[in-house]
Amino acid sequence: MNFIFAILAGLTVGAAFAAMTLRNLVHCALCLTVSLIGLALLYLQLGAEFAGFVQVLVYVGAVAILILFAVLLTRGGEAPVGRITNSLGAGLLVAAAVFGVLAWAIIGSSALKALPKETPQPALLVKAVGDKLMGEFVLPLQGIALLLTAALLGAVVIAMREKSSPAGVAVDSRSATRNP
Amino acid sequence: MASLDQIFVTLKEQLVQLFPAVLQPYVGVLLSIVAIMAVFPGIFALTTVVERKLLARFQNRPGPNRVGIPLTKIRLAGFGQFAADGIKSLTKEDIIPRNADRKVHFIAPFVLVVPAFLALSVLPIGRNMTALDFPETGLLFFFAIGAATELSVFMAGWSSRNKYSLLGAMRGIAQMLSYEIPLILSSLTVVMMVGSLSLVTIVERQTSVQWGFFHSWHVFTPWGFAGFLLFLTAACAEANRTPFDLPEAESELVAGYFTEYSGFKFALFFLGEYLGMFAISGVAISLFLGGWSAPFTFLDWVPSWLWFFGKLFAFILFFIWLRGTLPRLRVDQLMNLAWKFMLPMCLLNLLVVGVWHFTAEWNELLRWSLATVLLAGPYWLFSRSFEARFKPRTYRYAADSPAAPVVAPVAPQVPI
Amino acid sequence: MKGIINSLWLIPALPLLAAGIIALMKRPQRKPAAALAIGSMALAFLVSCVAFVATLQPEAGKGAVQLTHNFAWFDLGGSALRLGWLLDPLTAGMLVMVTFVGSLIFIFSVGYMDHDENLTRFFGFLALFAAAMLGLLIANNLLFLFMCWELVGVASYLLIGFWFHKPSAAAAAKKAFITTRIGDLGFFLGIVWLYHETGTLLFYDNGAGCLEQGALTKLVTQTTVGGMAVSTAISLLLFCGAVGKSGQLPLHVWLPDAMEGPTPVSALIHAATMVAAGVFLVARVFPLMGAATADLGLEGHSPHTTALTVVTWVGACTAVFAALIAVAQNDIKRILAFSTVSQLGYMMLGLGVGGPAVGMFHLLTHAFFKALLFLGAGSVIHGSHHEQDIRRMGGLRKLMPITFAAYAVGMMALAGFPLVFSGFWSKDEVLHAAMIWSPSKLPFLLGLFGAVLTAFYMTRQMWFVFFAPRAESASSPGRAAHSASHHEPQGASSSPHESPRVMTLPLVILAVATVLLSLFATPVWPWFHAYLGGQLDHLQVGWSADSAAGLTMLLSVLAVALGVSASWRLYSRGKAGTDAVERLFPRLFRALQGRLYVDEFYAATVFRLNAAVAVLSDWADRFVWSSVVELAAWLAKGLAWLSRTLDESGINSGFDAGCVETRGAGGFASRLQNGQTQRYLRILGAGVVVLVVAIVWMGNN
Amino acid sequence: MTPLAAYLLVSALLFAIGFAGALTRRNSILVLVGVELMLNAANLNFLAFWRYGPNPEALTGVMFVLFAIAVAAAEAAVGLALIIAIYRHYCSSNVEDVATMKG
């Protein structure tokens, strides 16, 4: 067991745990960022330099900032008072069951044991990634481009401020549904 | 001359030889990092004084000229000022607002400074002189690390619990996010042409000799020139330099996101900002201005690192000059420029690079004129449509807004 | 040079493109719109010149140049609908004339419509109009010609009704459109019949076209009702269209009303495009009209078929009829409008008695001098602040010298002053052909009388507009109201002034062209005949006409002299403000001023008949057809009642039972959907656990 | 334990943490954060299998991770936009408040 791996795994899992348990949303988001950086370092450890840096660029540079903005836009900057969880026991039980089953499957798997213990570091050339993207994976690439455009437009449209205040309508519709 | 060129490399090798073989790689990295952490803060110190003096001259006043070597009469034309400033900020009381989020408030300056040093360490500052060489992904590493700046700005602005700080942080993040896109797109042109993300490779590609006497820097091509200008503009914005210094506009927001910082942490922010500026200048130099290579072949005898630092100083002076000359943009102008002018131009430049790549067999003159026309025509069109946006704006409430029209009560129409 | 046929489509396409682009422009983009329209016309003129040059070199022994370019438009079952372009001297001459005159009118419009806020729209319509006309000219297919023909009609509707806020203009536009439609009905029937008989609508198709020998022989030999040859019947139907479009006698009523449009439009309609279309159509299908059966093979200048005889008589009557009315009109443009009707009659007369060369030459010369006259009238109207009544003008000779000079040239050409004016030569040819026409001498006499009248009314108009002592504008109530509505101060600015150069320049060019055209068809050098007939290489300079030509010339000169002198004497001695003819023959004058009550006649007959038929149909609709419909409705209602009863009592109860069960099931399922996302997610997680366990178990076993 | 199994365990742990967060936190932004963590756990799985799998030269793991990152970015953008829109509508960002469509 590698020492560096242990540190990185601990950092990642610990930060993720903090992100899911802290009270203040901004702290959660910052911990998520730390966890994602830890993941990127794990990618580097695995030899996927390109994927690691892309991870940092996209998650830290964009997604984390986006989440922080969303927190501020939904007035989440202050630590909430009162209950922050919802049906804690059942949720934890299910999550623990999922983890238990997964860990059981991983440890008990015979297929994993059949794989070689140590493999040489695969040489990952960025050029090869580029060639693949432009060759074999060009169709998914186009699809991703389309998806990103659609997501951009969709996000803008959804988040655009509506002209009239729909709050009254919302209350109406909610009260209306109460009636059987 | 080659020995002078490689003097630091050989020095490092010999120093490393003194250690046992197991430790050698770690010592090598450590030495490089120490060198980086010594040299660039030194340049920072020098820059602060130079900037103050130059700005003073621009404004027709003398600037700092008193502080020299203490207890002597030597004044060094005021170049001892940085030491005085440094001592002052180290000894000042560190004030933290009572409501502030102390942990985040404490971490923020480090989140700014550490990535700045990391970004500096991938720059090829001379032949065979790169502290952290990522042979595959140097440029990507640089941009990935740059993302930390935004995080730091947010942390500083949010944790201070100060309206000005938060507004400055929001402005800063919006600006950096917006200008990161043209920044990356304009540097992608170089990546496309060279076919590598490694800054070392990119610089080496520019050392080839063209027409017998000068090196083929990328800035000497139509796309390179356009890309360089776009990169420079975006770099100004990324580094929060005038005319894009809205996040810390002192006349509007006191000092932006680091309003609530003082003492050493303020100095760290200051340092981080300048290091970021050096780093982005260094990338501009590596991408477009041939990195450490001399402009002309007959100047090759000058050591490569001297060229790099000379260009870096030219950039610093250029930024100071801009700060002394240009007024600040408005927020809407800033965003318009990024999304409606720079982004289309960057995309167009990518297209032109493609054209340039596929017309390699053509007559040079034809190729040049095609690329130039492709760039200059849309530039003319875009900039024409932009002139209107920079005109003075009438504000909604400043314009005549009479009181709400009095609605005369309408008598009910009774059918007779 | 012959390759021009493949790009002949450019000529209509250019103005059409311009019209399309202008249609997309905004209202303030006046200058680009005008420049685009004029530029496209000028380009079309250049291409037309190339086409014209291409027709100047006939191959020896083959007659006139005739280039065609046919292609399949779309397949219709087994056969393909084929369209094509045709370039022969007829087309080429018309193309050059239309594009040249059209360009000048476009340029003139820039000045004339300067104050109109809808200039952009105006130029769009003008370009569309020109495009339609040019398409009509190059068509080698009767259907394509018909489409362009209708487009011309639409464009004329738009242009005549350009100032649609004036009720009279809107009415005039409708009138023009509907009246020509009546003719077009005959035209379309003719087309359908022709297609039925020959199976093609191409004019020339290497021997298979409908105007070529094979088809003509077939058409001539077949007879239809009353022993009439099919060719004659089709020709007459096609002529109906020409009558409508060219304002011949029964259907001429729309043309004077079309003066409600802006003056450049009038110039365009009357000179270059719309009315010329009818004459052009007759000239185009002349082989069909002139196709003679064996028993009609009389000796003469042209085959005297029934169709051509009808054309001749219609033309002659129109010529005199319209000239008579023109004598008593007071509106400057209306006089010119009736003059146009009259001259169109001459063209038809020329076509009927002398063939295409005679009629077409008069069409060409008329196009130039009538454009000149209309533009001159436009200049006068523009200069005297939109005053159109000639009695309120006068003395403009001094105030508008350039307009006066150009107008005088046009007037003399129209009246047929001898020797240097093209109108003289072309009219003389028509008269000459009529004189030697064997069936009857009456058309000739009618033509001669028309010539006297033409000279008379033109002189009258000239005198009133340019020579008469200037009427005091302030004393005229209409004038005063007009000025008041324009908020113009009375005095210096309201006096007439010369028009800007952009308007006078086209006038001068047209005047010069009017004079120069006279060189091309004198009996000494009958170039135009030779050109149309494809005998340019046999052309010789010298007196080639027979003795009748001399006599005709003499008579026509006399007629002109009589008309001019009579008119001048009557009017120059008359009192200002009154009309000399009115004093002499008040009743006749009033009848003429009322346009011989043709409109009223139509109102009394056609309209009443129409209204009666409408009442009849209304009655039938209300009592006959509606009762049938109601019966059907009752039946349907009864059926519906029956099925409803069955439905409600029988089928529904079964469904109801099913629905209750389904609803119960839905109610149960809906309780699971409590809207709590995390609950769904928990169930999902539990499902994943079960799934993984199941997969691992199966994998192990 | 092989390195692959170690990576997979870390990944599973990360997944479970993210899942637990998504299951239990009230704030919808944190639910989204949990989903992001789950996605990243999956990415780590892909890379681990690519690194220790039978043919790393095919690069499928890396390609999948790149695409997954792009999709995740789009998902985050749209998801956060939705959360902001919902917040405007209901003045709340708690998941249990958004239950208008319940049966």
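Each chain carries a letter (A, B, C and D) given by its place in the written order, and its residues are counted from 1.
Here is the rule we go by: a contact is a pair of C-beta atoms (placed from the backbone, for glycine too) under 8 Å apart; a residue touches a chain by one contact, two chains touch by 3 or more.
Worth saying up front: this structure is predicted, and the values here are computed from it rather than measured.
Q: Using only the chains other than chain C, in their current positions, what clusters of touching chains do you get?
A: Connectivity without chain C: one piece.
Q: Hey, which chain ends up farthest from chain B, C-alpha centres compared?
A: The most remote chain is C.
Q: Count the touching C-beta pairs: is A-C or C-D ahead?
A: The greater number of contacts lies at C-D.
Q: Rounded to the nearest whole Å, what is the centre-to-centre distance of chain C and chain D, using the mean of the C-alpha atoms as each centre?
A: It comes to 73 Å between the two C-alpha centres.
Q: Using mean CA coordinates as chain centres, what's the chain B-chain D distance in Å?
A: That pair's centroid distance is 34 Å.
Q: Two or more other chains in contact with one residue: find those residues in chain A.
A: Residues 50, 54, 62, 69, 86-87, 90-91, 94-95, 98, 102, 124.
Q: Note the residues in chain C that touch 2 or more other chains, in rising order.
A: Those would be 676, 678, 682, 685.
Q: Which chains are in touch, pair by pair?
A: Chain pairs that touch: A-B, A-C, A-D, C-D.
Q: Any idea which chain D residues touch chain C in the complex?
A: Spelled out, the residues of chain D in touch with chain C are 19, 22-24, 31, 95-96, 98-103.
Q: Enumerate the contact residues on chain B facing chain A in the complex.
A: 101, 104, 134, 136-137, 140-141, 143-148, 150-151, 154-155, 158, 170, 173, 177, 180, 195-197
Q: List the residues on chain C that touch chain A in their complex, please.
A: Contact set of chain C toward chain A: 676, 678-679, 682, 685-686, 688-689, 692-693, 696.
Q: Which chain A residues qualify as touching chain C in the complex?
A: Per the touch definition, chain A meets chain C at residues 86-87, 90-91, 94-95, 97-98, 101-102, 104-105, 108.
Q: Contact residues on chain A for chain B in the complex?
A: Residues of chain A touching chain B: 24, 26-27, 30, 33, 49-50, 53-54, 56-57, 60-62, 64-65, 68-69, 72, 77, 124-127.
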